[in-house]
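Notes for the one structure printed next.
So that you can tell them apart, the chains are marked A, B, C and D in the order they are listed, and the count of residues begins at 1 in each.
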Amino acid sequence: MNGGQDLGGMQGFGPIAPEPNEPRFHAPWEKRVFGLAMAMGATGTWNLDASRAARESLPPGEYLTSSYYAIWLKALERQVKAHGLATADELATGTVSAPAAPVKRVLEGTEVAPLFARGFPSDRPVAAPARFAVGERVRALTINPPGHTRLPRYVRGRPGLVEAVHGGFIFPDTNARLAGEAPQWLYTVRFSGRDLWGEAAEPGHTVSVNAFESYLEPIP
Amino acid sequence: MNGGQDLGGMQGFGPIAPEPNEPRFHAPWEKRVFGLAMAMGATGTWNLDASRAARESLPPGEYLTSSYYAIWLKALERQVKAHGLATADELATGTVSAPAAPVKRVLEGTEVAPLFARGFPSDRPVAAPARFAVGERVRALTINPPGHTRLPRYVRGRPGLVEAVHGGFIFPDTNARLAGEAPQWLYTVRFSGRDLWGEAAEPGHTVSVNAFESYLEPIP
Amino acid sequence: MPHDHHDEHHDDHPHPHGSELSPMDLRVRALESVLVEKGYVDPAALDALIETYETKVGPHNGARVVARAWVDPGFRERLLADATPAMREIGVGGRGGEHMVVAANTPDEHNLVVCTLCSCYPWPVLGLPPVWYKSPPYRARAVIEPRAVLAEFGVALPEATRIRVWDSTAELRYMVLPMRPAGTEGLDEAALAALVTRDSMIGTGLPRAPGASS
Amino acid sequence: MPHDHHDEHHDDHPHPHGSELSPMDLRVRALESVLVEKGYVDPAALDALIETYETKVGPHNGARVVARAWVDPGFRERLLADATPAMREIGVGGRGGEHMVVAANTPDEHNLVVCTLCSCYPWPVLGLPPVWYKSPPYRARAVIEPRAVLAEFGVALPEATRIRVWDSTAELRYMVLPMRPAGTEGLDEAALAALVTRDSMIGTGLPRAPGASS
């Protein structure tokens, strides 16, 4: 989705604003949203890609004027409602009025430390051999899917060089719509600043992205 | 500028919302802003391209969440202040506290009808011959100028066909920064939906844009 | 005074004096006061500008152009070859229409006009643009999914009809010349003009059928 | 209770009961109440999650990795070849760091990490990302004008130094291995780690010089 989240190369935002001694959270509600998003993710009702998709599907103006955890909150509320886990009325009042829906699992307090220390790897075996090899020239496809994708607009149609082949990984475009992990080979592809931005690009500047195999085509 | 104004191909905005029997203006202040922008433009302190540049230089989130005439208003206030015609304090209070600055001309009430009926043509003679001819294949350059440009992001780097040569016109990229009209040949270039958006583009769909000569390169 | 909502704009020192004035009204009033008092803006010019675009220019001008093109093949030919002087023949033109291009719909090709970068629109031909034309959804979507946009406007074209989008990225301004509806052989130019909707000249609509209510 | 600001979150029916609660606090409280009451969220898990990311993970983990790489050439080699197991050797890893890549700065090439599409960041190595890392200006600009971005952070690189930007568009997570500052020959690993700033591991900063105040 070419939404408000696809920010690479946009202009007009002004300076970056680092904050000295920045706290981990800027308001009590931020840490609750963070924790709730993690805990609800652990129920297995959706996955990380679906959560990203929910965040980036906020209308672009709202996305760009909402704080980071406000985006998380709005997306989480949408997901909870869309999956029938709570009603709009319940979220508005904080009072439960409908029965709970079943969820696959509930994360227990004692599981947090071991589970999060282990992590949740995204690599998956892929039977077919990798289509591209390190050192090969490829082009990022011109695609504009209305749903979630991890190929940013600024590389589409641009030529680059495969600099790493990482093995099979969950494909976010299908996983985000709960249509399967459909793992694909994942690559690192490096683009020159000139190919991305033109002759006025800063000299000696390259950008590497991680690109799934179906995002790429060979350059003959 | 790759700002909030460069909207072609973005997604996530939702449906278009036509308004039955839409009024010309939706609030009294809208018509005043419209008239003020026209009248101040007529002073010759800036030009139409500079006004477009002022509007699109609002931060993208603000641009996308401001109504149309609110964008005009904010840009006009900025221009008035930037050119020393009024102070921030004057605009905040509505009370004049600094002397007026000279302007090139003031549009009189009696001039409106004849001037606006005649219009303000933007075509200008260009001495050099046109570089491209109707039927020629060209590519829109990959450029990302931080200032005003009229080459939308969605055509950059894409191949198209010259379908009309319009003569010389004021070049907005220089004119917007009051650096001269620097007229250039203007073309209509037609792009296929597939070249712009990929294989999933709607069939039989083309987009024509007006492109200045310096936006284009020949395809060998 | 040429219009109605005017008296709140002409005192020198704006201040909240009634609930009818929004913060935006007050902010604009302050700007207007300063620009007028400093002599940059002639209040009579401001009135004339607003009156012109609120009451005089509008899609009736374009409708006259379309109706003439439907009844006069020579005019149609001149209009498609060089629209600006052709429109001037019947008194249509001016600011925002200095460089007109007319794109004729055919059974094979439908035209749609947008300005992705701002709000370019042929003012003297169609008036000021509606909010939807200037809005992000239309500007974003018209160039990437024009058929879906047309469907949202209730325009269902045959699969085989190509869609040609015109993005107004310079000072050329576009008007679509819709196809003359069937069953209009007996109508005179004024009756034909009454069938021509604004949207049919942007490309997001079709002319009314004769006898349909306007 | 593992932390301080907690008591306002644990009554069942949130309602405005004091000016210290913002509309966002109330909205989130309502959400939390419902999710807990419906049994989807275990309050103990919520506490543990927040405590983990508020107090346990942070850039001190990454700093240990960097310091070890500075003193142990074998570790450095393993880290650059396959960062995830190398970091595990010293107990660094976990959620958000399952697939680590380390990019080493050299006199010829400086690395800079961004996530243009969201906020991907190596949590177990650097903690949760700062607001600026997640903000539109950084995400927009890092890939198109990295040298200008570095200048804004006070990092002025020689003209000849290439800048390599890593856009975290999948589940790989990046850490920059900065160059060991001059004059640190006598320092032990812990003293070296104290020189390693968070920003130096994102690429928007350089390690502190020995003796500089932290």
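As a working rule, a residue touches a chain if its C-beta (ideal position, glycine included) is under 8 Å from a C-beta of that chain, and two chains touch if they have at least 3 such contacts.
The UniProt protein names, listed by chain, are A, B = Nitrile hydratase subunit beta; C, D = nitrile hydratase.
Fair warning: this is a prediction, and the values are worked out from it, not measured in the lab.
The chain with its Cα centre farthest from the Cα centre of subunit A is C. Centroids built from CA atoms put subunit D at 52 Å from subunit C. With centres taken as mean Cα positions, subunit B sits 34 Å from subunit A. Taking the mean of the C-alpha atoms as each chain's centre, subunit A and subunit C sit 41 Å apart. The multi-chain contact residues of subunit A, meaning those touching 2 or more other chains, are 9-11, 13-14, 56, 60-61, 64, 144, 196-197. In subunit C, the positions touching at least two other chains are 136, 144. Viewed as a contact network, the protein chains fit none of the simple shapes, being neither a path, a ring, a star nor fully connected. A complete list of chain pairs in contact reads A-B, A-C, A-D, B-C, B-D. Those residues of subunit A lying in contact with subunit B across their complex are 1-4, 9-14, 56-65, 141-146, 153, 156-158, 195-200.
The touching residues of subunit C, counted against subunit A in their complex, run 136, 144. If you check the complex, the residues on subunit D that touch subunit A are 5, 8-9, 13-14, 22, 24-25, 27-35, 37-50, 52-54, 93-99, 116-119, 124, 127-128, 130-132, 134-141, 143-149, 152-153, 159-172. Every residue of subunit B that touches subunit C in the complex is listed here, in rising order: 5-11, 13-19, 22, 24-29, 31-36, 38-40, 42-43, 52, 55-56, 64, 68, 70, 73, 76-77, 80, 85-86, 90-96, 100-101, 103, 106-113, 115-123, 150-152, 154, 166, 169-170, 172, 186, 188, 190, 196-197, 201-212.
For subunit A in complex with subunit C, the touching residues are 60-61, 144.
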